[in-house]
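Labels for the chains are A, B, C and D, by order of writing; each one numbers its residues from 1.
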Amino acid sequence: MKFSYNQIAGQSAERLAALSDGIFAVAMTLLLLELHTPTRELIHREGDLRHALAAFSPQLVVYLMSFITLGIFWVGQQTQLNYLARSDRDLTWIHLAFLFAVTIMPFSTRLLNEFLRYRTALLAYWANILVLGLTLYWSWGYATRAGLVREDIPRHVPPAICRRILIAQSLYACGALLSVLNTYWSIGFIVLVQLHYAIGLRLEKKQ
Amino acid sequence: MKFSYNQIAGQSAERLAALSDGIFAVAMTLLLLELHTPTRELIHREGDLRHALAAFSPQLVVYLMSFITLGIFWVGQQTQLNYLARSDRDLTWIHLAFLFAVTIMPFSTRLLNEFLRYRTALLAYWANILVLGLTLYWSWGYATRAGLVREDIPRHVPPAICRRILIAQSLYACGALLSVLNTYWSIGFIVLVQLHYAIGLRLEKKQ
Amino acid sequence: MKFSYNQIAGQSAERLAALSDGIFAVAMTLLLLELHTPTRELIHREGDLRHALAAFSPQLVVYLMSFITLGIFWVGQQTQLNYLARSDRDLTWIHLAFLFAVTIMPFSTRLLNEFLRYRTALLAYWANILVLGLTLYWSWGYATRAGLVREDIPRHVPPAICRRILIAQSLYACGALLSVLNTYWSIGFIVLVQLHYAIGLRLEKKQ
Amino acid sequence: MKFSYNQIAGQSAERLAALSDGIFAVAMTLLLLELHTPTRELIHREGDLRHALAAFSPQLVVYLMSFITLGIFWVGQQTQLNYLARSDRDLTWIHLAFLFAVTIMPFSTRLLNEFLRYRTALLAYWANILVLGLTLYWSWGYATRAGLVREDIPRHVPPAICRRILIAQSLYACGALLSVLNTYWSIGFIVLVQLHYAIGLRLEKKQ
């Protein structure tokens, strides 16, 4: 009897996509909410304001990095959902776990911005990315096993989806490891990895 | 004459779903907005930051609990809307009452986080969950009576929906009762109930 | 030549609905964002917290009133959009003006909450409702004249839509007028008008 | 092998539209979040509150300007997406760059509001508009070259889309140039340009 409720719950992949788009949209916009304007009392000339804005640039790099991170995972989730025939209760909850990690991203970003030189902040940021990757990998594995994937999916697509997550997460892990040297090296490496995936730098052809 | 306006208002179940997804998305993301980063002045070493983050963990449990609560009710509402043939004005307003309770959730969560040992805060949190359950139960009862449910709905689905809400609310009420002993017992019990519904722990087969 | 761009812009009523749902969802959830939890330092016993929460109740009435206001106008806009065959650039901009008034609602609500006894705050709140009504009335008038309305619309629907807005706005204006006596009378009257529209109190049959 | 993932990623123009609507909705609503109510302690009479609200009016002009800016670019993006047959990974990332500029808008607006007389603030605001225009122009150019545009698009539409962006950006650049004289001239000019596009002032026929 009970089983029947779980069979009927969470079947709408469309609504899962709509909720996901909403959460990504809010998280992406909230990233920058914490960016405060320079304190009025300290600004007396155009030059002061220019310097104050220039002092924001490292923060802006971190925000851009987080926006790209969210963009990468949004594209990744969208690609998976596009190939689903339908959803079920368990898949819905795996994606809700994924979305919980998305809502933590603005916090991780603020933490990294406040403590840019602290390895702890960088590892917390990386842990957030790791959870995003793990849940997305888990979701695809489950969808495949549970027969939720569309039947007309080209044969090479499922391994390509898995490979992409594994390679990207390996590169992020390398970036996190670089924090043994210096957190700036980590951030620089992660931004490069992201630009590679987002803009598709020259590297792409060699890989 | 007047009647005609009420007959034509609020008929789009799709837009009700879209508004709901939006409100759930914002509420779920705002839960964590209040989680402030540790104060910069108090952090001098990696160890300080690690301890400050570790001190967040009880708060994170409460946030996770609220996220799962919202997830459970989102799945519950989605399941109902999936079986609707159409909406009407009254059903729309019942769901707006449900959504009002959703927008209060971030406040209840902050309140519980600030006053973790106060029974008053826990009962306010539980009252919020109770209103969510009541409005959802009311909405299904109304939809059934008003003939808004799809005709091809399997016969065992409507009672399963009602039973699920009643059992879950009974368990939440037990959790609230436990606060007579201690609010931590309540929170622990509620989290267990939620994990049961979300992840589907072993318990499920026994019930 | 120029004309052609304006002819092709803003034709998607679906995306207008999606943007509207998003803005309403954010505005409805932000209403309560400003509701701060009681100050920790002032709370020493369960009784203190109960009293502090009880002191919130007038604020909660104002929040509820704003939520219902937004709900009423969301239903009103949805009803209009349901009857549109398509949109055009001018209609899109009329609805953007309507949505601008929606985004101001959280500010008007906070203002009224802070200055509950000030007629100025109440009149500002009413002005916000007035703009919502005017733009919605304008939008329907324009859609009718520009031939954007679906051809299969029942004959009695367009006058019912206009009448509804005019009667509701007259009642809101009466509420605003009552502030000559006392702002509490105004708020009480407006809440009654809203409950009438939302819940459909007994009054409905007499009107 | 790698290529295959990029071929399958980001193909849903519908989800790109949904994410865009969400981000625009949040950004449009957050614009006004920073508008604080007058300080309670400074208000003793109705007259004080009236004056305090009147003092907001220049800020309200800036908010309105930003809302219209976002509205213009929302309409512009919608028009492009309406003519797409499908999306691909590169187009998705161009639009994510566009959306990043959208999420910066609330910050630029706050900056301009705080430093209304500073040319630096106005140029930062203009730079934000410029990036919005450039990415939108880029997106259309790419979509045309990559064959993503619907085949039934009327022949005069693509040049009209390009011309519109170029003319509008030239006018915005003129507005930014006027800040050599005075930032108020710039703001006034930009608001006029926007009203021209939004409301379609008389100017339209002469252009």
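Observations on the structure shown:
Methods note: contacts are C-beta pairs under 8 Å (C-beta built on N, C-alpha and C of every residue); 3 or more make two chains touch, one makes a residue touch a chain.
Keep in mind it's a predicted model, so treat the numbers as computed, not measured.
Between B-D and A-D, more C-beta contact pairs join the chains of A-D. Between chain C and chain D, the superposing rotation on Cα atoms measures out at 90°, rounded to the nearest 5. Residue numbering at the chain B/chain C interface overlaps only partly, since under half of the positions present are found in both copies.
Separation between the centroids of chain A and chain D, computed from CA atoms only, is 25 Å. In this assembly, the C-alpha centroid of chain B lies 35 Å from the C-alpha centroid of chain D. Under the contact definition stated at the top, the residues of chain A that touch 2 or more other chains are 18, 21-22, 25-26, 30. Against chain D, in their complex, chain A makes its touches with residues 17-18, 21-22, 24-26, 28-33, 35, 37-38, 40, 43, 46, 49-50, 53, 64, 67-68, 71, 74-76, 78-79, 81-82, 156-157, 160-161, 163-164, 198-200, 204, 207. The touching residues of chain A, when paired with chain C in their complex, are 22, 25-26. Listing the residues of chain D that touch chain A in their complex gives 1-2, 4-6, 8-12, 15, 18-19, 21-23, 25-27, 30, 89-90, 92-93, 96, 99-100, 103-104, 106-107, 110-111, 114-115, 118-121, 124.
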